[in-house]
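So that you can tell them apart, the chains are marked A, B, C, D and E in the order they are listed, and the count of residues begins at 1 in each.
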Amino acid sequence: MSEAAYVQSLNLVVGGLLLTAVLMLWWRELRAIVRLLVAQGVLLAGLAGILAIQEGDSQLYGVAAGVLLLKGIALPAVLRRVLRDGREATESEPLVNAASSLLAAAFLILFAYAVSRPLVALAPSPATRALPVGLSMVFLGFFLMISRRRAVSQVVGFLLMDNGIAATAFLAAAGVPLIVELGVSLDLFLIVLVLQVLTARMRLKFGGTDLDDLRQLRDS
Amino acid sequence: MSQRTRTTVTAADLADRTVALLADSHRLALTAAHQDADGFRVVYLFTAGHPDRRVELELHTDSHTPEIPTLAAVSFPAGRFEREMRDLYGIVPLHHPLPRRLVRHQHWPRGWYPMRSDAGPRPAFEPVDDSYGFLTVQGRGVYEIPVGPIHAGVIEPGHFRFSVVGETIIKLKARLWFTHKGIEKLAEGKSPSDALPLMERVSGDTAVGHSLAFCLAVEEALGWSVPEPASLLRAVVLELERLYNHIADIGALCNDVGFGVLNAHALRIREQLLRLNADVTGHRLLRGAVLVGGATVRQLPTAAQLAAVAAEVAEIVDLALRNSTVRDRFTGTALLSAEQVRDVGALGYVARASGVDHDARRDHPFHNATTSVSAVTDVRGDVLARFLVRAGEVQASVALLNLLLAEARSGAWLSEGPQQLMGERMSGVGLVEGWRGTVAHRVEVGADGRLARVKIVDPSFMNWPALPLALGDTIVPDFPLVNKSFNLSYAGNDL
Amino acid sequence: MTDHGVTIGSVAAALLQLVLLAAGAPYLIGMMRQVRARLEGRVGAGIGQPWRDLRKQLRKEPMRPDGTSWVFAGAPRVLLASTVLVAVVAPLLSTVSPLAGAADIFAVVSLLLLGTVALAVAGVDTGTAFGGMGASRAMTVAALAEPTILLAGFALSSRVGSSNLADIVAGTLVMPATVLSPASLLAAVAFAVVVVAETGRLPVDNPATHLELTMIHEAMVLEYAGPDLALVELAAGMRLTVLLGLGASLFLPWGIATSAAPLSLLGAAAVLVAKVAALGAILAAFEVFVAKWRLFRVPELLAGSFLFGLLAVSASFFLA
Amino acid sequence: MGLMRKIVRTGRVAEPAPALDAPGSASAGQGSVGPWRTGSVQLRHVDAGSCNGCELEITSAFGPVYDAERYGVRLVASPRHADALLVTGPVTHNMADPLRKAYEAMPAPKGVIAVGDCARNCGVFAGGHGVAGSVRDVLPVDLEVPGCPPEPAVLIAALRGLAGR
Amino acid sequence: MTVIAAGLLIVALAAAAGALGGACAPARIRALLAGLLTALSGAGGITAGVAALSGQSWSMRLPHLLPLGSAELSVDPLSGAFLVIIGAVAVAAGVYSVGYTAPGGSHPTDDIEPAHETVPDAGGAASRTCQATLPLFVASMLLVPAAASVTTLLLTWELMALSSLVLVLADHRSRGSVRDAALWYAGMTHAGLAAILVGLVLFAGGTGGESFVSLREGADTLSPGLRSAVFVLTFLGFGSKAGMVPLHVWLPRAHAESPSHVSALMSAAMVNLGVYGVVRVAFDLLGGGPRWWGVLVLAFGCLSATYGVLQATVATDLKRLLGYSTSENVGLMLIGIGAAGIFAADGNRPLAGLLLAAAVLHAANHAAFKALLFLGAGSVLRATGLRDLDRLGGLAARMPATTAMFGFAALAAAALPPGNGFVSEWLLLQGLIHSLTLGGTPSVIVAVSMPLAVAVVALTAGLGAAAFVKAFAVGFLARPRSDAAASASEGPWPMRAAMASMLLVCLTLGLAPALAGAPLTRILAMLPTVRDGAPLAGSGVTLHLAGIAGSMSPLLIAAGLLGVAAVVVALVRSVGARRPRRVALVWGCGGTRLDPRMEYTATSFAEPLMRVFDDVLRPEHDVTVTPYAESRYLVESVQFRQRVPDRVEARIYPPLLAAAAWWGDRSRAVANGSVHRYLAYGFFGFVAVLIVVGFTA
């Protein structure tokens, strides 16, 4: 791959990652958000693939395949199952309205850009220059978890954060060791499973997965 | 057939008796004034289901100073019936809190009460005057949107006055009776059969509902028994009417949130149904099927036709609700609580969507088969609930039709009328679950067999006051949607 | 940088572009209605219908509602004039334009806003509740769309170091890969939302509705009759056409002539018609699948596009 | 996409246009010359007191099956945009004045179409104490469409005559 | 004697004569005398300013004019620009005041309440005190930019503050809100003065001299901490005068309650002096500073622009709206100055110069259109006694000239072509846009702040358009919403003449901005950190930017608009049926004849945007429904109330005021609530400080 094509495709993938992250914050329909998560997983795998081609690193190919399998297929599938059980197609009322949360997102992205400057300055390359995107994803994921009520949205936020960590790792050091990455993701997988059980329980008890309902548990 | 109990009450007793009846799960279905030789007579009809009960209170007042005590404080609909009586008969409800004109617009001549038998020819009208006393909302920045009587779509005439700040509706007042033609008066003196075409045109989309309620009332008054197959056919056409109207509403609701493609599909299905109607009765709007003393149907729809319609409607409803914008705009819009429904006496799908289950097919059946109709209710009271109730009723209606069609036979089924009239003044009541809700007719037939008085109550009359109540927290651009979710008849209200 | 000389060729190019847009706008509207009709199972009135309507309206009686001022009659002219001006200066056919130096992307945006303002002011001038309501809604949308489109413009122009539209387009033609850059993609999303909002398409406004209480554009023009109405409708159509054309030029600039040679101009004209028609068809088809948003969710849409504009700008920093 | 599938499966709904035969001439009114035969007719509907049966059939005529719009006929929101009023029902006392105002509000040249038997001769409502008369008693009528309510096909034929398509 | 000296002499003499005339002349000619001499004073300022802008410079020391100090005056191009701006506004305001204070106008008696309470007289502005103070106010404003020493600056500054305070108080007898506004103004302006005072005293103390020349020379010797302290203090002090958020609280009140020509002077001329002060101290005297100064100015600019435009969008009081719009425009100027400061610190001179030029040009443009707007609002106020947009309307037929001129000014304020506001906002955007391509690899601050600044400028452009469409359309068009508006008529001709002169300025600046190129270049040339060639070049009708591929021709755009409109009219004539235009009743859906209550209100116009910015504005709504006793479904009355409090004010000031009140309780002996006594305290305090300064220097 030529240098120009490498930069071009890297930028494209990174732009796509950012786009999907922001869209997750913008849209309220959970089904669409899960679809975005799939896209993001694929893009992330693509990012790993591009880096693999560029570095010629066979281990990275494996990572790309693993990411595709886990984030592009397995995790969204679990989420979809959670959604299929209920009719909670939309995030009814986020704690922060869409306009404010988007503005917050803008600030978070700029913030991510500002804090990653020193890192970029350490080793300027096309990949590290895209670092702010990975960091933004982490921030946005965190914000998503803070600002949403539904358990499913929180899981989405968690996954977005994880994707962000992965993207940052790929961009910063052309990939963390495979074991670490898989380990982290495995942790996440467990969390998702736990949350799924939890949401199922909650639905049985309260008929919906609004986390604010959990407050009722305290008094009884 | 249930028995009506009739009691004459004094002005002093009226309120107490009313309160007792309302507490005993009755509702005020109809109030009608009559002009007898010896003065005015006001009849209050209360009805209740499980079992079918109908109670009439009669109040007499003299013809020189016709006055009755107001029931406005006890029953909201009574207050409106009283205003209507005042306009048409000049009977004054004493101490009514809001004794404004209702039926007669401001330019109608003073002191001319058109329903009185001695009203005489119409005096000259005053020049049109806009001084209707709409309540002025106090406060800076409030403006009023006058809408109608000529609306921007293909809509019947009525005037809405919104008091608004920006997009937030603070208050809505609907002014109706633009299409008041005088149907009740026109029917007087006609033989029941001659009056039937008029009843089919009370509200064009409720031809069966009104003609059937009228026929039931006349038949009760005259003691006319109807052949069983005719009753069955009447139930069939009643459901066909429900079908074509509900599918149109489902499409129109989608159209009002800008999802026009589903409206196109709904209109296509309605056209199929209208053509089916033409095959069944010879008229696209099902006119001519219900006759005094019987019914006539050319051919019956097949189960396959109905199943196809039911499937398509289900598909459209599903497509609508799968669109998150549509769902979002329906959900939580224009909430009407069950309490408000009971207080204003709302009927039909409006009431059922708020969890109040009035259904004359079950509560006041004219054929036993209809009592088994499955109740479709919702408790949310929003536009979504009214949409879903309609969607559910389409399926329930098809199920009921399948049941009815198993025994129905086409053709003309007519019984001979009674050979001898039973008395001087015979009265009858007809209660029918039209597609909008319970249609109530009360007729009195004179000794000559001609109609002495017909009182018509379309469910729209009861439901109109519920519309402003539902608009509590609604923005202006949602109004057309809300209005469509009620879809009230202006013609049926104005008469 | 492109030269902005006034030559016979460039003047001819500008005139050709204007004629193409003015004549083509009603056909575009007709075509979009046709797409919708076909998807609804209808036959449709044909793509020439808007022209038939315009021709008839032009011959009808002009009216002035009692109590209105010169603003009422003036607004359609200003609306059309601002649109025509944009239609002349935008580099849709060729990057050489006699007036390219006179108006850049900000001037174009402001001219479009001037048209919106003219119509809004006239809406209030009628003194009807509907006119005011439409004006208020239109200005709300415009007030939020304006920042978005300026940001998108910022992202596009910072890339080439000029806010001149012809320079931006020419820059893209030289380096086609920039079209696929994240900044450009994000700006395109923002731009698309603005086009939808500014031209009153679903899910912001329903161009097919007849309900006074829900309309935006139509509510402002309820009082116009005859020639005035024709001007407003023509201008509205041209605005849509110009914006689609501008979108095509900025994000899919291929086929635009870089000189004023007659043959390349004709070729560019053909390409422009094809691109705008395709975009219009896509927009019309998209409209069939979406419902109209609740009025107060529209700002969310615009806030979203605003963010996309900001992201586009940021991305041009990140990934420079 | 379920909707896409539905659209494709349903296909064309509109029925073929019937042959155009000497239209509307049967009952075209005397006198005023309307803005006719330009291939474009915009209509402002006014319910002057109908039972809403005519409204139902007008909606059908503009629905996908009959698709009146294909002949260049369109319903518009404001009388300012309209070439003709589409009036239904007997004119009630309360609607006579609004009807006149609507006519007044249209730009010339303009016309009036009376739809349905009630609009033509008050139908079953003749003599009602709230009825002021037929449409002809209030405004000059250019075209009458008979029926109670007129079937969509009849309506379409009349409108095509006006549009000239 | 140079032209500048002659101009300044005219300023002083005319003002003195005007003050004398206003105080002593018989009531009949008082207005004429005071007004024309005020205008003459302004003309003197223009003369001096034009001379300075064309390259002359002048300075002078009057050793014995002040007790314990010498008065130093100096005029350079920067002063010249502000002399011209203030002088031009003063000419218009002076002429205007002749008509405005003539008998026969309506003036509201309390707040903006119903019109029937208005008294048809000349209002408080016609009083002897006000007529005499007006020329003094103008002269003191004109002397501020000419001041060349700390003492002179502070003295003229305080004179300006006091004279304007007297003018704000003009109507204090008839309206309680005036006293409230004056108290706020007096408090804020003196707090601001204190900050400037301390800042400049520190500066002077550090450099060992109080003349600007010695400050300039000694600035480099100050420690960075002291430099920054001087900058921050003076910035806050000048910022409060400029109406910068959150120090703006006095502005919407004072500008709304003053007589309208005074509002124009304050809003179009006086606030600019705050901007002048910032530029003078930061760029000239201190000779530039670190980047964070720029960031600070930029941040306050963004805050002011956003908050000002939001409040203007929801305001329904016409003059209050204009006041908030002033905060917005000052914010835009500060954005330009702040960004210029950032780039100057980075050594990027072309951009710094361009942005500073944009800020100064915007000051001029804002002065022109804001003066016109306030004068227009004053004409409306005089004709109707109303400022409440919800009760205006229908003026287009009754006051056609005022309507047309206000309309054009509104267009300019909305930054739309062909208005002059468009030009300077365009310039500002150009400067911001090129921050990427012209600065090499952008620094983090630039990369983060410039997109945000562009977003703010863009947002103000959009919201400003909404605010001014509301002000113009609801205020002037459609049918009158009240009897007072229905009986409005144009005022005396001097008012229209004054507005026409401002319109001319707007048109000139809007259509030929290239004229400003050379003077702006001269201004930039005197600032060490931004000095760099010619930023603006005008070739005929097109505005070109040096070093940047940016060009725009407002004249061609305007000509194009007119030309196309004319062609359209001609085409419609030839194609159309040539039927005469018929006047018909407004279509009211066939129902009632529309009455004024059915017209859209300003409150309603802004409601959607208020909902959008609910989180920022926090409006208070209240609907009270009173049903009949008999049935809760029969409504007897409905009452709606809505208020949009100034949240910045509500959040920040109560604690401060509570503390002040505590002090006030302590010193009740000296405070009896009389505004005049407060004025006296202020003045004596000021004199005491001067004495201290005199000794220390």
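Here is the rule we use: a contact is a pair of C-beta atoms (placed from the backbone, for glycine too) under 8 Å apart; a residue touches a chain by one contact, two chains touch by 3 or more.
What you are looking at is a predicted structure, and each value in this text was computed from that prediction instead of being measured.
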Chain pair with more C-beta contacts, A-E versus C-D: C-D
Of all other chains, the one whose Cα centre sits farthest from subunit B: E
Chain closest to the middle, measuring from C-alpha centroids that were averaged per chain: C
Chain centre separation (subunit B, subunit E; CA means) in Å: 63
Whole-Å separation of chain centres (CA-atom averages), subunit D against subunit E: 58
Length of the line joining the C-alpha centres of subunit A and subunit B, rounded to whole Å: 56
Distance between the centres, which are taken as Cα means, of subunit C and subunit B, whole angstrom: 48
Residues within subunit B bordering two or more other chains: 143-147, 149-153, 157, 164, 166-167, 261, 264-265, 268, 323, 328
For subunit C, residues that touch 2 or more chains besides their own: 39-42, 60-63, 129, 132-133, 136, 210-212, 222-223, 226, 288-289, 295-297, 299, 306, 310, 314, 317, 320
Subunit A, residues touching no fewer than two other chains: 97, 99, 110, 113
Of all residues in subunit B, those that touch subunit E in their complex: 72-73, 76, 79, 97-98, 130, 132, 135-151, 157, 159, 163-168, 170-171, 343-344, 465, 469
Touching residues (chain side subunit C, partner subunit B) in the complex: 36, 39-42, 129-130, 132-133, 136, 202-203, 206, 208-214, 288-297
Residues on subunit E engaged by subunit D in the complex (per definition of touch): 579, 582, 584-585, 587-591
Complex contact set, residues of subunit E against subunit B: 316, 388, 390, 588-594, 597-608, 610-611, 623, 625, 628-631, 633-635, 637-642
Complex interface listing, subunit B residues touching subunit D: 105, 107-108, 114, 119, 122, 125, 128, 149-150, 152-157, 177-183, 185-186, 197-198, 201-205, 207, 248, 261, 264-265, 267-268, 270-271, 274, 284-285, 315, 318-319, 322-323, 489-491
